[in-house]
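Everything on this sheet refers to the single structure shown next.
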Amino acid sequence: MEQILANGVYLGSQYAMIALGLTLIFALMNVLNFAHGQMYVIGGFVTYTFYGQWGVPFVLALVMSCVTLAILGALIERFLFAPVIKGSAREESTMLLAAGIAFFLDAVILLVFGEKQRGVPKIVDGVFNYDFRLIMPYDRILICVLAILSIVAFIGLMQYTKTGRALRALAQDRTAAQLMGVNVDRYSMIGFALGAMLAGLVGGLLVTITGVNLGMGGPTSIKAFMMVMIGGAGVISGAIWGGIILGFMEAIGLAVLYQYGDITYLLIFVSLMIFLAIRPQGLMGKPWG
Amino acid sequence: MSPLLQVKNVTKKYGGLTANNAISFDVAENEILSVIGPNGAGKSTLFKMIASFTPTTSGEVIYQGERISNLKPHIVARKGVVRTFQETTIFKSMTVRESVVVAQHLRAKASLAGYFWGSKTAKDDVTAFEKYADELLEFLGMSEIAGEQASNLPQGSLRALGIAIGLATDPKVLLLDEPFAGMNHDETMNMVNLVRSVRDERGVTVMLVEHDMPAVMNISDRIVVLNFGEKIAEGTPSEIQNNEKVIEAYLGSVDDEIGM
Amino acid sequence: MQRRSLMKAALTAATLTAFGATAAFAENPVLKIGFVGVTSGPAAAWGISNQRSMEARAAWINETGGYTIGDTTYDIEIVSFDDQKDPKRAIAGMEKMAQEGIHYVVGPNVDDGAAAVRPVAESNGIMYFPYAFPKSLYQAPASNAVLGMVANYQSGPAIYKYLMENEGVKTVAFIAANESDPLSQRDGGVEAATALGMEVVSDNVTYQVDTTDFTPVLTPVMRAQPDLLVLSGVSPANAPQLIRSARELGFQGLISTETAQDAGVLAEGAGDLANGFISVGGASTPELASPMMIEFVQRYTDMFGEYNDESNTKVYALEYILETLKVDPSAITDVDAFQTTMDTFEAPNPYMNGDAKLRYVGMTSFGQRRQVAVPLVVNVFQDGAFETLFVAEVD
Amino acid sequence: MLGFTSKQLIGVGIFLFMIFIGVPLIIGATGRWDFYFTLTSVALLAIASAGVWLTFYIGRINIGQGAFALIGAYVSAILVVKAGWSFWISLPAAGLFAAIVAILIGLPILRLRGVYFAMITLVLTQVVTLTALALPITNGAKGISNIPLPSGISLFGIPILPDFAGMENTKLAFYYTACVIMILTYAALYRLVNSRLGHLCRSMQQNEELASSIGVNISYIRIVIFAISSFFGGLGGAMFGSIAQSVYPSSFQVADSVNFMLNCFLGGLGYVFGPMLGTLVLYFGWDLLFEFGKYQMLIYSTVLILIIRFLPNGLLSIRIGKGGDK
């Protein structure tokens, strides 16, 4: 039981971080960013290169991941999403753009970082073992704590800074925000960069535990979509809850349903479908606020 | 003569909130009846229940002796009770004429399969629809903008388009949602005349929800007043103008607005 | 450091290709050999290790004057098609090979692709060497597929038997990804272990390929306390994480798999925790590698910046194709001649010390010779490199 | 004739001529026999994409077509292999079965809109793949292989369809079959869009509330459209199974569902023939870039991004000035 809870918290915190970036971008621009997973992978590879290959301190490598992705996100928004949104008759067209960017980033990752699974030295050694009822390696505990701190920092940013307030206004109502004097173009870019940065940060954090390979992008995006849907699209608290719930669903689902073997995941997905059919707006499905 | 439409003890609750409490009134054939009331009085909810866009919590709406509440909206529309919306609810990328043609859906004689294979009946239908659309648009004075895309129309024309779409379905009762909102005096007068001619020349019974008092007093045969989800008065315009409760309700709401 | 060498290697490779193309054009006639497999997306590692081993070998042959078959000396050109692990694209790839007049193709890498290309290969007279295990691909009436490696239902029993005898293993647990290939391999493994008299204590735990945390997956398996944990059909990306999670959960027993792994990936992903991990590899461990294998690894590394141990097993298919063609040059365009030659073909194994032979096997498993005999080298991971545990033969 | 202008008839004539005579001539002249399969794939994927486009037409983003293609492929394979049916009968049966599944699933999920519907269809693809892995009748992870080629059909002793197994070269036969089905699909789609049902769909796409206020039974039409859409998916999937002579749980997966959707976006959502063009460009484009080796994906995605950047409303929006094709 303790183990399941701990696994749930650990998975939930990392999932929540992935979902946060996605939901932020969705809330701001109504873009379902298919390339979110690829951004996560790039974050992982950047940290791998700096920390694993060049021996730069881990924290510095993490910062590099954030910076790289923030710049990448800003460029993508400024030169691709913004003009396409302006010129498109239906905003869904951005899905094609997002998918194209996902393909592109996949290709770049393959050419630059190669096809192999990569890992970095452990940042902390040892395993916390409470009477074999709760086993958790120290590095996971550390990453989990860092993830939670990042989430708290992000919420703080959204709540108490000028940027955060502008972003929230933008998410709530674009036109109204513009009337209130928010520089919509500028904050769209900042928001996208922030979302991408979150993906990069969590990629950098997790490379210490799961490693990274170019195949992780697509599945990560899809998982993130699900979390966002569970919580309610475009809602910050929803993304956090969605992440935590999916984390617990996996932890509990695997612990309870493992004897069903091959159909464990089938059951998880079917229940997800039923949940979404009954409650399409997700748990927190209400406008940003 | 029994009334065309009866609202009987209709109640709507959202959670603990009562939007409409046991509202009852009748609508006679060929009359223009307005539902008025301060903001949040429950007018829109009542309209939605009459057109079956939302179910009633209790009570029922009877139309020609038949219960029409808690059905699907398209079934109520097929029976002849059709609502219009405020101006944002249109077929944005259709032209005015296309919208009116589509709205004659209920008149179709051919089956969907007949349309697919292009049967004789289907072709006749199409010709008839187009002919009627032109007639209707001329009647409403919209012939000139027939080819315009709806999303390009000014507000006043959009309101008229909403009524055109509603009329195209050949309704017995037309429910108009704030047809005068945001209009200046001249526009309102045009619209009042239009609504009247819809009743006079086409025999359509009209119910409307409205804020604009002068227009309501001008156009209505009878008026129902709601406040806080309750019906507080019903009568001819002059009766309503002199009703103590109504005056109080409106003054009270003005106080509230000042207080905020 | 490594980044830089990679960059350099990429440049060298680009130049080499440019020069290689002109050189080839100038001198020998070209013999094209195809590759259809996955070289992009999540499973890119499987196909890329394949493609690169072929390209490295081809470049080597061309550099040393070409490959003589009958009276003609050919330059070898590798034509690769990325099927994106999609059976529909794999068919298109095989059509492309037919278009190029190619009769010998390595790949595809997965079951569904291998099954999907069969009609095209057979109707166009293409022999293909998949890395997929379903027996129906190789049993009559199927005629044109040749299994390019040791199947898990062949290596599995050998490993289990060895571990039973030498390590006293009695109970075994299987865990597999929830995908066609791994699940099929798991079922084969369970069958083999049961036949050997092992007790299978857990065989129904699966995981999604995109799992990032294996602790909840492994917890129920660990409860069964097996002596041996088999990672059926595990991808190189998942292997280190599974090993790490199992060890961190306190698992003391043995861990093995029947697919090829890369030592570098294991070292990076699991470090010392991967010590003792048993997998199947080619003959590149120091005690087995022939000078030719050592040179191959060197050339591969020079060309692509970094070696991949999965290529140890994947270097063979091309060698088999060329050696068999050498025996009967008419087979270059005539697949029937190739199939006849397969029954009697035998040549020394250039990549392995000792007197191992290249020949076609598979009579026991498929009823016809539709498998390359690569040495079944069972490796154990120790401190960043593989050591040979034992070597066996497949018939 | 059938309400077509002479200009349209000429266009259709040229198109049919190209497909049935032009392409084989060009392939014969250039010797690029491999293009037959590629174009066959394009035709089959275009059929499935047509379904996705149709669900767009009622305002739903459908990322679940892979699920119905997989269902179709399995139904046809099981009927042919286990029940001994003729492939030609199994083909419509596969479509119908997919349509029935669509009706059952559609009842609860078609109420959803926007990203919510998109996501639930995405999950549906996963569910169908996992179901195929778990069920005994689909042969689980091992898939169904060695499916026989389509056999001939004759009516009163007159052969109507030839026996594929007896053919020297099945490429051309599959190509023609796929093209005929594709043309029937798009002809049906064109009729549908331009008939009353199509107008009702458009009214629903633009405003479901208003549509129901004019008496449109929106939930009924949604189901009908989703069923037709899935019927197309089932057809395409079943044909693919018979070409590959095998079906696996991974034959159609999430990536395929996403690609079907991208085909529609790329061609242009406002044009009936958009998905056909989109499929051609996306699928055939990948093949044409084959020469670029490891840079194939990079160039492919760059081109894709450039197209959407400069033609955000789809390839066919170039000719919007000429009045479109609707």
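Letters A, B, C and D name the chains as they come in the text, with residue numbers starting at 1 for each one.
By definition in this document, a residue touches a chain if its C-beta (ideal position, glycine included) is under 8 Å from a C-beta of that chain, and two chains touch if they have at least 3 such contacts.
This is a predicted model, so every value here is computed, not measured.
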Starting at subunit C, what is the smallest number of hops through touching chains needed to reach subunit D?
1
Set A-D beside B-D; more C-beta pairs touch across A-D
In terms of CA centroids, furthest away from subunit A sits chain B
Between the Cα centroids of subunit A and subunit D the separation in whole angstrom comes to 33
Please compute the C-alpha centroid of subunit B, do the same for subunit D, then give the distance between them in whole Å.
43
What whole-number Å value describes the gap between the mean CA coordinates of subunit A and subunit B?
47
Cα centroid separation, subunit B vs subunit C, in Å, comes to 72
Subunit D residues counted as touching two or more neighbouring chains:
130, 133, 140, 255, 294, 297
Where subunit C touches two or more other chains, by residue
39-40, 178, 183
So subunit B residues touching two or more other chains come to none
Report the complete set of touching chain pairs.
A-C, A-D, B-D, C-D
Complex interface listing, subunit C residues touching subunit A
1-3, 6, 39-45, 48-49, 178, 183, 203-206, 208-210, 212-213, 215-217, 219-220, 236-237, 240-241, 248-250, 262, 264-265, 268-271, 306, 308
Footprint of subunit D on subunit A - complex, ascending
26, 32, 34, 80, 83-84, 87-90, 92-93, 95-97, 99-101, 103-104, 106-108, 110-111, 218, 222, 225-226, 229, 233, 262-263, 265-266, 269-270, 272-273, 276-277, 280-281
Subunit D residues touching subunit A - in the complex, by the definition given at the top:
61, 108-109, 111-112, 115-116, 118-120, 122-124, 126-127, 130-131, 133-134, 140, 254-255, 258, 261-262, 265-266, 269-270, 294-295, 297-298, 300-302, 304-305, 308-309, 312-314
How about subunit D: which of its residues touch subunit C in the complex?
32-34, 36-38, 41, 130, 133, 140-143, 145-146, 149, 169-170, 240, 243-246, 248-251, 255-256, 286-287, 290, 293-294, 296-297
Inside the complex, what are the residues of subunit A that reach subunit C?
3-4, 7, 10-11, 14, 49, 52-54, 106-107, 110, 114-122, 127, 129, 132, 135, 137, 206, 209-211, 213-216, 218-220, 222-223, 250-251, 254-255, 258-262, 264-265
